[in-house]
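Across the two complexes that follow, chain A remains constant while its partner is chain B and subsequently chain C.
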Partner chain A sequence: MSFYLVQILNALSFSMLLMLTGLGLSVVLSLLNFVNLTHGSSFLLGAYVAIWWLGSGAPWWLAFPAAFLAAALVGLALERFPFRQFYTRTHLMQVLLTYGLSVIFADLMRWGFGAQIASPELPEILSGVVFILDMPFPIYRLFIIGFGAVLALALWFVIDRTIWGAVVRACVTDRRFVETLGLDTKRIFTVVVAVAAGLGGLSGALGAGILSAYPGLDEEQLILALIVVVVGGLGTFRGTVLSALLLGFALTFTKVWIPEMSNVAALAIMALMLVIAPQGLVARKVRQV
Partner chain B sequence: MTIRTGLTRRGLLAAGGATAVAGMLGAPMIARAAGQPLKIGMVTSLSGPFAGLGEAMRAGIAMALAEYGNELAGRPVELIVEDDQAKPDEGVRKFRKLIGQDNVDIVSGVISSAVALAVRDVVTEAKALTFISAGSANDLARGAASPLVFRPTKTNWMLGHTAGLWAAEKISKTGCITIGADYAAGREYIGDFVQTYTGQGGQVNQQLWAPLGTTDFGPLLTTLASARPEFIYSFFAGSDAVRFLKQMKDYRLHDKIRVLGGGALFDQEDVVATVKDAALGGQNTCNQSPTAPASLDFSKAYKAARGTLPGEMGTAGYVTAQVIKAAVERVGGDVAAKDKLKEALLAQPVDTVFGPMTFDPRNNQAILDIYVNEIVEGEGGPVNQVIHTYKAVQDPGPSA
Partner chain C sequence: MTETVKAFDAAAARSTQVNRRIACVAGLLVLAALVPFAASDYQLRFAAEILIVGTAVLSLDLLVGFGGLVSLGHATLFGGAAYAAAVAARAWGADLTLMVGIGIVTGMAMAFVTGIVVMRTIALFFLILTLIVGQIFWEIVFHWRSVTGGADGLRGLPALELHLGFTTLDLSSSRALYITAAVLAFAAWAVARSFVNAPAGRALIGTRERQLRMSALGYDIARIRMMALLASGAIAGAAGALYPFVNQYIGPNSMHWTFSAMMVVMLVIGGVGSLYGAFIGAAICLGIQTYISSYTDRWQLVVGLIFVLTVLIMPRGIVHGVGSLMRGKGKP
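Take a look at the complex of A and B:
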C-alpha cells in the first residue's frame, strides 16, 4: 500500500516538473502564437544560476527569484530584438530563428559554466526524507509538488481572473482593438515573454535539485516541454496542467511495471493524442498565420 | 574545432616542400621522416552528451605532449583535435578529414563506442594507424578488430566480468538486483556481469532497465526500496550516473544498499567530483584509478592543472600519448613503416598510467590490470581508492 502511495507521490512530483517546464512555453504559444524554442535555454540558465547561488552561501530561498530574474532579463532583451520582428512571421520562421538562438545559447553557457555536470547543494531543510509507513520519500520532491501547485494556481488566477490577464487575452483576440483603448500592446507582449522566460528559469532552478545541470539538458527539457504542450493542446492553460499530469503518471507507472518502455510510453501517448484529439486534451481555436 | 601545437604555417609549408623534394629525389623513407613534423589527429566529443569527457581527454593528451616538449623520436608533434559530437556520422566525417585533408600520420581518440564502430571501416580502408582511446564495445576487440587499429583501453567485458568475480567472492551470492542504462553499453556491462556472477554460483533476483537519459529514477528507487536487495550491480554513465547516485541519496538508499558498478558510474572527474558524498561506499571495477600506483604522479599533476583528480577520460588521453610515444620511438620515428611499428608495439609491454599494458596480438586489444575501487573520504573529498587488483585481464577476443 505504502509502495503505491509513494509511487503516486513520485508521479506527482514528476508531473509538476513537466508542468513547470511546459507552462512558459505554453503561455507564449497560447497568448502570442509565438513558438519559442529558446525555452530550454531559459531552463538551463535558471538551473545554473540556482546552483551558483546555492553554492555562494547567500540565503538559499533567494536562489529561485534570482533564477527567475536572470532568465526574465534575457527574455526581455530577446523580445526587444529579435522576437518582436517575428510575431507576424510564419511558425517555420519563428522555429528557425529561436532554434538557432538556442544553439548559440548552448555554446555560450558551455563556455561560461563549463561542460562538467553541476549539482546544487540543497539546504539542510530541503535535503531530508520523510517515511511514509516504511518507504522513504525526499522532502525536496514534496517542496516541488507544493511550489508547482501554488505557482500553477497563481498563474491561472492572474490570467483568468485579473484585469491584467484580461488585457493580455484581449490582445490575443484582437490586438488593434486593445490599442484603440489606449493600451500599449508592445509593452504587454514584452512583459509576457519576459515572464514566460522567467518561468522557464524558475523551473530550471527547481528542477536542478533532481536533474542536475549540464550541456544538453536544455534540449532534453525543450523536447519534454513540447510533448507536454502538444498533448495538452496548443493555446490552453488547463490543457498543459492536465497533460503534465497524464504524462507524469504514465511515465512513472511504466517505470514501475515495465521500466524499459517508459520513453516509448510518452511518445505513444503523444502519437495517440495527435490521432484521436489533434487539438489536444483541451481544445481552443488558435489563429494560424 | 581545431587546435594546432608546435608548428607555424610557414614551417608547415617548408615541411611540405621538403617532403615533395625528398619524394622526387627518391630518398629512402627513413630520411624523409627524420625531423619532419609528426601529425596526430584526435577525434573526441567536445559538444553533445560527452562534452565534459571529451574536454578531459583533450586535456590529457595535451598534457602528455607538453611533457614530451611536443617532440617524439626527434620529430616535432602537431596535434589536431576534432569534435565528433558523439555522433557516428560526424565521427566518420572528421576521420575522413583528418586522413584525407590534413594527412595526419596517426589518428586517435573516440569516446562513444558507436563512433568507434562506425569509423572502423574508414580507418581500415585507409590503412591508417589508429589508437582508440576509449570506445569499448566488446565487438571492437572481436568481430570488428582490425590489423592497424590499436586499443589502449578496456572492453566492457573486462569490467563486467571482473565485477562478477568480485561480487561472487566478496559481496554476496544472493540478493542481487541489476539496474542499468538500456542501450548497447549498459546491456553489455550487465550481461557480462550476470554471466560471470551466475557462473560463480551467484543468483540475480531481478533486472531493471532505465532508458538512456532517464531524468527521474524515483519510481525505480521506490521499487528498490521495497525489494531490499543486499547489493545492486549498476551501469550508468555521465549525467545519468550523477542523477542515479544523487537520487539514491535523496531516497536515503545510499547507506542501505551496497552499490557495485561499472567504472563510469563512479568516474572520478565526471561523477564523483560532482555527487561527492552520494558516492561514498560505492565500489566499481575500472581499468583506471587515480590512486593506482602507476597513476600517482599523473594524478598529482592533473589535479594541479585542472583542479580535480583525473577520471577515466583524462587518463585515457594521457595514455594514448604514452602508447603513441612508445610505438613511434620503437621505430625511430618512422611511422610510415606501419607493419614494423605494429610488430614493435606488440613485442613488449608499455608502462602507462593505467598500469602495465600488453597488446593481444590477435586483436591489438590491451591486456590490462583491472582495479576494484571503493569510494572513500580522501583529502580533497571522496576518492576512488584501489582495494584489489585483477592482474592482466584479457578479453576473450575473437574466440568469444
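Take a look at the complex of A and C:
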C-alpha cells in the first residue's frame, strides 16, 4: 500500500515537471502556431544555470528565478530574430529552423558546461527524505509537487482570470481583432515567447534535482513535452494538465511493472490516445475551411 | 493572337525546363558513372552511403513534398529494414535479392503499422504521431538485445553477393557496393517519379492542396495517404537493406528520431518536391558532417548553423536556390 502511495507521489512529481515544460510549449504553439523545438534547450539551460547557482553559494532559492530569467532572456532574443520571421511560414520550416537552433544550443551547452552528468548540490532543507507510511520519500520531490502546483495555479489564474490572460486568449482566437482594439500584438507575442522559454528554464531548474543535467536531456524533455501538448490538445490548459498527468503516471507505473518495456508501453498509451482523439483529449472547436 | 503567343511561350518555357531537367539528370548520371574511376576505397564507400541515405530521403520527399505530410519517424522505416536485412544476412547469408526483398517487405510492413496509427491526422499531429510510433520501434530495437544487439548494434555481417542462378557475383568490394547503391538509387528515383506522375500521385498532391475538395470529389484521403506511405516505406526499406553493408555495422542510432530530423533537414537543403534534390541534400549534409568533424570537435555547432542559414537564406533548398540565382531572379 505504502509502496503504491510512494509511486503515486513519484508520478505526481514527474507529471508536474511535464506539465510545466508542456505549458510553455503549448502556449506558444496555440498562440502563434509556432513549433518551437528549442524548448528542450531552454529546459537544459535552466537546469545548468540552477546547478551552477546552487554550487556558487548564493542564496539557494534564487536559483529558480535565475534559471527562469536566463531562459527567458534567450527566448526574448530568439523571438526578435529569427522566430518572428517564421510565424507565418509552414510548420516544416519552423521545425527546421528551431531544430537547427537546438542543435547549435546543444553543442554550445556541451562546450560551456561539459559533457559529463552534472547534479545540483541541494540545500539542506530540500535534501534528505521523509517517511510516508514507513517508506522513505525524497523531500525534493515533495517540493516539486508543491512548487509545481502553486505555479500551475498561478498560471491558470493569470491566463483565466486576469486582463493580461484575457488578451492572450483573445490573440489565440483572433489576432486581427485584438489589433483593431489598438493592442500591439507583436509585443504580446514577444512577452509570451519569453515567458514560455522562461517556464522551460524553470522546469529545467526544478527537474535538475531528480534528472540531473547532461547533453541529450534537452531532446528527451522536448519529445515528452511535445507529446504532452499534442495529446492534451492545442490551446487548452486543462488538456495539457490532463495529458501531463497521464504521461507521468504511465511512465512511472510502467517502470514499476515492466521496467524493460516501460517507454514502449507509455508511448503506446499516448499514441492510442491520439488515435482515439486525434484532436487531443480536450479539443478546441475549429471550423474546417 | 496574344493567346497563341502566350501558349507558345509557355510551351517553349516548358520544353526548356524539361531540357534543363534532362540535362541535370544526365549530368548527375555521368558524374555518378565517373566516380568509381576517380575515387579511393573510402570515398567509394562514402559515396555509396550518400546514395543509400539519399534514396531514403527521396522516399521521404514523396510524403513531404507531394503529400504535405512531414514525418519525424522516417528513419524508423529505413533503420528497421536495415536491421531486418542484417539479422536475415546473419541467418541465411547476404544475397542481394533476398536483402532488398526483406528490406522492402519490412519497410512496407512498418509503414503500414505507422499508417494505421497516423491515418486520421495531419500537420502537427501527424508529425508527433510518426515521432511517437518511430520511438516505439526504436525502444523495441534498443531493448531486444538477443536479436538486435541493443545499444551495441550488429557487427560481423557476411559479404554481400548476388546469386544469378548460373554464377554468383561478389558485391563486397567498395566499387561493387557503390555500383549497387547507384543502381538502387536510380531505380528508386524512377519508381518515385512514376508514382508521382501516376493517378495516385496526382491525387496525393490533391490531398495536400485541397483536402476537403478531394474528399468531396469522392477520393478516399486515408487510402491515398496510405498508398503514399507504403510506396515511401518500400523505397526506404530497399535503401535500408543495403545500409548495414556500407560500414559492416548497424546501430540503433539509424532508427532514432534525430536521424529522421536529419533526413528532413537533408530534404529541405536539397529541395522539397524535386526528388533528385534528396541526393544533393544527403551529399551536402553527410559531407559536411564527415569533413568538418575531422577538423573540429564543434562540428555540430557548424552543422546547426548551416541548417539555420539554409532555412533563412534558401528556404526552398539548394536546387531551387541555385536555379533561381542562375536565372537571375530573386524570387523563385
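Throughout what follows, the second predicted complex is superposed on the first by the 284 of 289 C-alpha atoms of A that agree within 3 Å, B and C clash if a C-alpha of one lies under 4 Å from a C-alpha of the other, contacts with A are read in each partner's own complex, and residues count from 1 in each chain.
In this section, contacts are C-beta pairs under 8 Å (C-beta built on N, C-alpha and C of every residue); 3 or more make two chains touch, one makes a residue touch a chain.
These numbers were taken from a predicted model, which means no experiment stands behind them.
Once the two complexes are overlaid on the shared chain, A:Glu260 sits against chain B and chain C alike.
Of the two partner chains placed by superposition, only chain B is touched by A:Val129; chain C is not.
Using the contact criterion defined above for the overlaid structures, shared-chain residue A:Phe189 touches neither chain B nor chain C, since it reaches no partner. By the touch criterion defined above, A:Trp53 lies against neither chain B nor chain C after alignment on the C-alpha atoms of chain A.
In the superposition on chain A, contact is made by A:Ala118 with chain B only, not with chain C. Using the contact criterion defined above for the overlaid structures, shared-chain residue A:Leu96 touches chain C, although it does not reach chain B. Chain A uses residues 107, 260, 263 to touch chain B in one structure and chain C in the other.
Residues of chain C that touch chain A in their complex: 64, 70, 72, 117, 120-121, 123-125, 127-129, 131-133, 135-136, 139-140, 143, 212, 257-258, 261, 264-265, 268, 272, 298, 300-301, 303-308, 310-312, 315.
Only residues 29, 35, 82, 85, 89, 91-93, 95-97, 99-104, 106-108, 111, 219, 223, 226-227, 230, 234, 260-261, 263-264, 267-268, 270-271, 274-275, 278-279, 288-289 of chain A touch chain C when the two sit together in their complex. Note for the complex: chain B touches chain A at residues 47-49, 51-52, 54-55, 182, 208-211, 213-216, 218-220, 222-223, 225-226, 238-239, 242-243, 246-247, 250-253, 269-271, 273-275. Those residues of chain A that touch chain B in the shared complex are 3, 6-7, 10-11, 13-14, 17, 107, 110, 114-119, 127, 129, 135-138, 140-141, 210-212, 214-217, 220, 224, 251-253, 255-256, 259-260, 262-263.
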